[in-house]
Amino acid sequence: MKYEITREPLALESLIEAVRTDACGAVVAFLGVVRELGDGDQPVDGLSYEAYPAMALPEMRAIGEEASHKFGEARLAIAHRIGDLRLGEASVAVAVAAPHRGVAFDACEYAIDQLKERVPIWKKEHFRSGEARWRPNAPRP
Amino acid sequence: MKYEITREPLALESLIEAVRTDACGAVVAFLGVVRELGDGDQPVDGLSYEAYPAMALPEMRAIGEEASHKFGEARLAIAHRIGDLRLGEASVAVAVAAPHRGVAFDACEYAIDQLKERVPIWKKEHFRSGEARWRPNAPRP
Amino acid sequence: MRVRILAFAGVREIVGAAQRTVEVPAGATAGRVWDDLAREFPRLSEIARSTRLARNGALVERDAALQDGDELAVMPPFGGG
Amino acid sequence: MRVRILAFAGVREIVGAAQRTVEVPAGATAGRVWDDLAREFPRLSEIARSTRLARNGALVERDAALQDGDELAVMPPFGGG
């Protein structure tokens, strides 16, 4: 229902407002947040993200549309931030509204799993040591 | 980490802020929202909730503590609103932060499932027709 | 001895009060106090079977003995969430 | 014909530009254009195997034939989320 790639801080409340209707009894939201220990084991003090928006946005929309039917009726919004992020800032937000909570949980988890796999966005870890490296997502178990 | 029963509108952002730490890469939140068609099939225009706080708060805390270890390390906040709520307002909010998203999703779903089953809170549906009835949660499937 | 009954939701509406203090014989059980209330308010019978009891904030069975000053919560099925 | 290469993440850093336009023979494949780039920047070889190609925003295999004006995105493994 709302898909965006932005340099601005993510606003979860506005994503929730975009998906909620009076038919929805459940809202599930996911935030991916910059954490001190990334996938490696060196402490980071920030990440930077880069995207190919002309491909990423249609892919985010496709994931949202798949998720909105796959488990039952659901409404999704997905936003990804790009640029430089500090510790504690959200890089990705998914909001899902549905009549019942089981569908909302399933659709939200599906959307973030698929986003990590399919959407052309890249992440660079900036370590406290001053070094930096591009970090691909681990393949799904 | 934060458990409350309140007559004020629920503030999701402050619950998330209460659970997030720099070790957490994932936040999952659940909102239960007043919807037009409740568990029955008559349209409602509002709900009212009543609680036994002296028992409900310790039970909410117990659920949060169970959930914070059961699936891996997680931090939880649970808030329930009481009093009169209109269509679209949130009755319950659960926020979970964890290093990884799988744990956060599992702990959040566990907490809301258990809350519905174990916490002494009651809901009255106010139908558009002017009638009203107390509506217990359905037993879990 | 005196016991304070806390009534919630549909039980509260039928009883007409959220709290009431009753005088019961020493050693009275939770079930006995609840039965007395249900006898006084026959409309409680329809929800009696699904109602749970808590003494001082902890669930108890009907045969739990009460003490002077206890709070007995009479709780229909929960509807939170 | 002319093709515009879009380079991302580590590829962009090695190439030193997010975009570059190259002149290639008519009918050149996506793989051919990528191989030419990797030959020019030998440091690309270490990430060449895991890199995917997209033509005008859609994933393609190496043998996809390009047309004049196409955009060829050269994409290392994704790291979004």
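As written, the chains take the letters A, B, C and D, and residue 1 is the first residue of each chain.
Everything that follows uses one rule, which is that contacts are C-beta pairs under 8 Å (C-beta built on N, C-alpha and C of every residue); 3 or more make two chains touch, one makes a residue touch a chain.
Since the structure is predicted, the reported quantities are computational estimates derived from the model, not experimental observations.
Visitor: How many steps does it take, at the fewest, to get from chain A to chain D if each step moves to a chain that touches the one before?
Guide: So the least number of steps between the two chains is 1.
Visitor: Which chain is most remote from chain B in terms of Cα centres?
Guide: Between chain B and every other chain, the largest centroid distance is to D.
Visitor: Could you give the separation in Å between the centres of chain A and chain B, each centre being the mean of its C-alpha atoms?
Guide: So the centre of chain A lies 23 Å away from the centre of chain B.
Visitor: Between chain B and chain D, what distance separates the C-alpha centroids? Give it in angstrom.
Guide: Spacing between the chain centres: roughly 49 Å.
Visitor: With chain centres taken as the means of their Cα atoms, state the distance from chain C to chain D in Å.
Guide: Centre separation, chain C to chain D: 74 Å.
Visitor: Chain D: which residues touch two or more other chains?
Guide: Nothing qualifies.
Visitor: Would you please write down the residue numbers of chain B that are in contact with two or more other chains?
Guide: Answer for chain B, listing residues that touch two or more other chains: 32, 112.
Visitor: Using the contact rule from the top, write out all pairs of chains that touch.
Guide: A-B, A-D, B-C
Visitor: Would you tell me which residues of chain D are touching chain A in their complex?
Guide: 6, 8-10, 12, 50, 54, 57-58, 73, 75-81
Visitor: If we count contacts the way the header does, which residues on chain A are in touch with chain B in the complex?
Guide: My answer: residues 12-13, 16, 20, 22-38, 87-88, 90, 97, 99, 101, 104-105, 108-109, 112.
Visitor: Applying the document's contact rule, which stretches of chain B touch chain C when the two form their complex?
Guide: 32, 49-52, 54-56, 58, 80, 91-92, 112, 115-124, 134-137
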